[in-house]
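In what comes next, chain A is part of two complexes: it sits with chain B in the first one and with chain C in the second one.
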Partner chain A sequence: MFSLELSEEQRMIQDTAKSFAAEQLRPRAHECDEKGALPEDLLASAWELGLVSAVVPEELGGGGMKRSAVTGAIMLEELAWGDLALALAMVAPALFAYPILTQGTDQQKKKYLPLLLESKPAPLTAAVIEPVINFDLSELTCQAKKKGAGYLLSGKKCLVPMGSTAQSFLVYAAVDGKPGYENVGGFIVERGQKGLKIGERERNMGLAALDTVGLELAEVEVGGDAVLAGGPSCDFGKLMSYSRVALGALAIGVARAAQEYALEYAKVRVAFGEPIAHRQAISFMIADDYMEIESGRLLTWEAAFLLDAGKDAFKEAYLAKLYTDQVVIKVTDDAVQTLGGHGYIREHPVELWLRNGRGFTTFDGLATV
Partner chain B sequence: MKIVVCLKQTPDTEATIKLTADKQGIEEQNIKWVMNPYDEYAVEQALRLKEKHGGETVVVCMGPDRVTEAMRTALAMGMDKGVHLKDDAFAHSDATGTAKALAAAIKPLSPDLILCGRQAIDWDMAQVPAILAELLDMPQVTVVAKMEMGADGKSAVCNRRIEGGEEVVEVKFPAVLTCDKGLNEPRYASLPGIMKAKKKEIKPLGLAESGLSANDVGKASSKVQILEYLPLPERPPGKVFKEQETPDMVKQVVKLLREEAKII
Partner chain C sequence: MISFEVPAGVANVSKLVHGLAMGVMRKWARWADDHEHERCEEWVNTMWSLSKGGMMGSMTGGLSRKKKEDKPKEEGEKKKEVRYQNLIMAAAVEELSWGDAGLYLAMPFMGLGGAAVAAAGTEAQREKFLKRFTTADKPVWGAMAITEPGAGSDTAAISATAELDPKTKEWILNGEKIFVTQGKSSVEDSEGFVVAWASRDRKAGRAGIKSFVVEHHTPGMKVTKVEHKLGIRASDTASIVFEDCRVPYENVLGDPEVKEGFKGAMATFDATRPMVAASAIGIGRAALERCQELYEKNGGKLRYGINPNRLTSAERDLMMMESQVRVSRLLTWKAAWMADAGIHNNLEASVSKAKTGKAITWVTNKAVELLGPVGYSKQELLEKWLRDAKINDIFEGTGQINTLVVARRIFGLGSKELR
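Moving on, here comes the complex of A and B:
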């Protein structure tokens, strides 16, 4: 059976995410970007939607919703349509919690997943990306060396979302310095642990509202119980496939926001006696962008569908990520161009979407690998 | 406390409405259907009252299969269960027929309070709640923008929006209230709520079970006969004045605003 029709549950989740994005995220995105800050009340009300916590198993007191990459993609597209920085802040705890949910030991699940059920956003995040030239997920420079039952972690990380306030970090490192996805392990590091230095808040081109930090790890000692899946390595390839699907959906959300805005603008902006949408140079561009967005969504959903079916979606997820990386850059750039001079000033949101959208190719280093 | 919320599923406010070729209705394909926005205030109010005073909340809705989507959304927001008036005989009921069907479904529930939206955003008639109150012999307070429960738990003080101000009314339960914007801020259906909604009961109620006869409802009973629907007339093009002295142009505009548009 094959169907692209949303289930009733997915439709309702989409409605919730869509309304929240339109009513809560979009109206505050500009202010958050200018101030470079996240409003706590907004994150708290977002947390009440249970977008991250619904998958906590019933035996741990949660709703026990089956995790679905398709449903996640539907939801993330809507949230990113509202604002990427706020969307990432909302779901950052999932970067820690979902690997624990799918690959963690029973003890790790019991310790961390109930944190998702509390009324405030769980202070959990993950550290994947590294501040190195030619960053390559399969050759992490952050290393884990065996020591007794546990490991010593050393290296640097960057772009750790919500890192300023996170209490627990899931840090990915190459076990014994060996290359390859199969040798990547996940290690739980707590704030305040000896050897962990949490950097100042990073200043990025986009995502100004999102709190991201760098980490420096100097022989941080983690016990055997703090190793994802019991160690030494985890199924990093699968985790990255989920991540790529999520990033693909987020990119499509940003691109869709820009394309819709440019289209509406082109219909009302009159130059030389008629709306600029009547000019083929504009209308063809916006139509092409629409096509790119729809294609990117289908690639993303295909990869998500395979993941949900329990299949290996490594290639498809990679493809979706690479493609949507290009889509979001092209479409947000086209939107700025459609608005002309107005696109370059901050009164209109398209420049924000261009700055935010530009980040996708760097978020996991894929485009250059 | 038992609270019933009457729900209607309406086209999304952003949906593009097209008439059918015979002008007897609208094209229903490709329309996104939503819970009538005013009904969201009714659902929210019911949930808040339940959270504070306990009890049970039931959503009642009439219509074809698709309306269960709006009902499920109400259940996902937190309503306890639903009654779905579902029968071909109910189709094309006017406001009286609809109110009769709702009354038949609601009466056996013996509610303390019935909450409705102030009006549905499709037909904008605001008739059903008033007729419903008459049929159930209950007092009604319409366009409620504020509501305070009485200390006895069996009455409420409501502020009604009226032109130029507010009217404050005390009402004894059981009663019918229609809810206006400003009464509350409707919550979003949370993911856990959506999960729970799947397991909540929506009981179908056909014509036979409702105790009504085919003459009470549907097109046959309808006192209002819709002859045809007409699209909004196209807006005439605007007039542009240019290349004249400004005072002359202003004079002409003012004259037109007064004599043609009749707005000053």
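Moving on, here comes the complex of A and C:
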């Protein structure tokens, strides 16, 4: 029944993610952003937490933990509070593995899920976003045409996380070019396959530390056994609902980082003989941000809860993301504003959070939970 | 365990009250707006018979905050037994306000005055003052009198005084109160009461302010004015003057001594602010539903799932309205649930009130805007809902006052530093 109290397991996972974020991520976020790379040791130690792999079924050698979108949302908020680039890098393998877990064939599960149990991050990722204006999940330009028992994939993708090193890509495409979520299929493409060109590392406004690439697919041939759910289409709407919940939680994590930082700054920054926190112009802005963060979190959790309860939650997840997209933009901007000129300087992290936060309206399908 | 599952008790009350809202309130909503200061007999009598029948029992006294109770459950795990009284109340208020916010405020009910007695009164005071709401022969109202011509949100500036007559052990009240919701109904038109805030010692500032239960028709108390308002016209909003008005000693709520009394008085707000938010949500939901209905009737579609940049402006507004109503409810339920679970909710109560007041004002404005001349016309209730909704960003602490409470809380600053 209605309760906002975390379960013991949720509390434990939250604590794990929280201390990892505070001890490992936050202190290195600036350096990672400047260098444009996430150190291997950081990725490895993040992977060792087992936050992604816990859901691998027992019969495949995993822990068989029940997947929970609520618990995942709690975890992602904490990681994003530490650093968004690293949080996205951590969940990149899940973008491939979780759709396989929930919709894959037995053969696909056996082949790929054990990779999550290795000591190094699984080289798996997914390609959802396309480099076009007005990109729409329900009208993908990437197309899959039937050929024999399989398909020919053609089109372009971008913002593929950890794409430089990934071995397997789950590529989403409109089956026979038909619009609608119901006509989207997931196709497994292996690195080195004929017709697949993996682009150079992308340069974006934010997420500098995260490896993202573009893909070009020119009639890449995919066998019938490499189609998610056996094909032709999958339950793409459900997959995107999970993604929206994940992105909502990540956005709240980034926003919370910025709001807390601005709050602490306002308490110590003195102007006209008093901390600026004593002025309503500052404290009301930050109070509003606090309330918007609460709002976005509850919307996200509610959508997550509905997913966990086996409900559709398509609308709820969509609305939650629509809302949190705006929250993170407002809050990160307010944080820069609170710090004034100092906020504009890269010594303080708020400008990084603004750049990262700005991306959420673009990050469809970039994370899952 | 985080759960958004609606407890059965809450769902039942929602369903029951929704029937009333649909069957009686909507029918009289426009009439009540057009006939300010007239009593809607069907509504009052319906609600009174239900109160006496016990239906309102869960609501009368529902706001008293329960202490945490640990009861072992079957799983062998220790779990807190939460009774959801505040949540049930919030659900009921939402439905009533979905029906009509003015009529909701005008129903024979203990109101905020009763809530104060329930929250701050002793067992004997509750027995004495609250019983009437389920046992009296005729409809009864309760009211709360805080605001004065010179003191709104700044309650420390209250100038009404309460002097103790040492001979008779009576309080002598003097001063003028304004904006008393259901004030006339409580003290002139029924055998109810008003809880009036007055200072025992003006030099002591907030610490000197106490609240006193003043019974109906007490000599020295007079209703001097009934306001004409923007909205919630079904509800009377009265000015009450106290001139050497004598009140028995035992009618003071809380500790009569001059010390830390103010905090106790303010604690009432932690329970009532989420209920004001719940009322706003009911109005907002009514406006949203009507808007969606008319939009779809006119061939409009809400395309959830497409790129937000491809939504029409109206579609996006409607979706944002939906989110705002949903968010407001979640924040309000959080505050109410915390009270039910015995968790201090001062911050969350103000969050729910500040956010919801603003959000629903926006939602009802959008509703009028989206429907153009239809929204502006009195043929629909949309323009009325806008007028009704606005009060929720004002009474029980304006949006700004509640934002101030939130700011002070999160910054850990006192009223001297963050003014």
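By our rule, the second predicted complex is superposed on the first by the 364 of 369 C-alpha atoms of A that agree within 3 Å, B and C clash if a C-alpha of one lies under 4 Å from a C-alpha of the other, contacts with A are read in each partner's own complex, and residues count from 1 in each chain.
Everything that follows uses one rule, which is that contacts are C-beta pairs under 8 Å (C-beta built on N, C-alpha and C of every residue); 3 or more make two chains touch, one makes a residue touch a chain.
What you are looking at is a predicted structure, and each value in this text was computed from that prediction instead of being measured.
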item: Three-chain arrangement built on chain A, chain B and chain C clash or fit; value: fit
item: Partner chain(s) touched by A:Tyr181 [first = chain B, second = chain C, both, neither]; value: second
item: Broader residue contact with chain A after superposition on the shared chain, chain B or chain C; value: C
item: First, second, both or neither for A:Lys267, with chain B first and chain C second; value: second
item: Touched partner set for A:Ser295, first chain B, second chain C, both or neither; value: second
item: First, second, both or neither for A:Leu306, with chain B first and chain C second; value: second
item: Partner chain in contact with A:Gly237 - chain B first, chain C second, else both or neither; value: second
item: Partner chain(s) touched by A:Ala287 [first = chain B, second = chain C, both, neither]; value: second
item: Per-pair minimum CA distance [chain C against chain B, superposed on A] in Å; value: 8
item: Doubly contacted chain A residues - partners chain C and chain B; value: none
item: Of all residues in chain C, those that touch chain A in their complex; value: 1-7, 10, 82, 84, 87, 304-310, 319-320, 322-323, 326-327, 330-331, 333-334, 337-338, 341, 351, 354-355, 400, 403-404, 406-407, 410-411, 413, 417-419
item: Residue ranges of chain A in contact with chain B within the complex; value: 8-9, 11-13, 15-16, 19-20, 48-51, 53-54, 62-65
item: Chain B residues touching chain A - in the complex, by the definition given at the top; value: 34, 69, 72-73, 76, 188-198
item: Chain A to chain C touching residues, read off their complex; value: 1-7, 10, 70, 134-138, 181, 237, 240, 263, 266-267, 275, 277-278, 280, 283-284, 286-288, 290-291, 294-295, 298-299, 301-302, 305-306, 309, 314-315, 318-320, 322-323, 325, 361
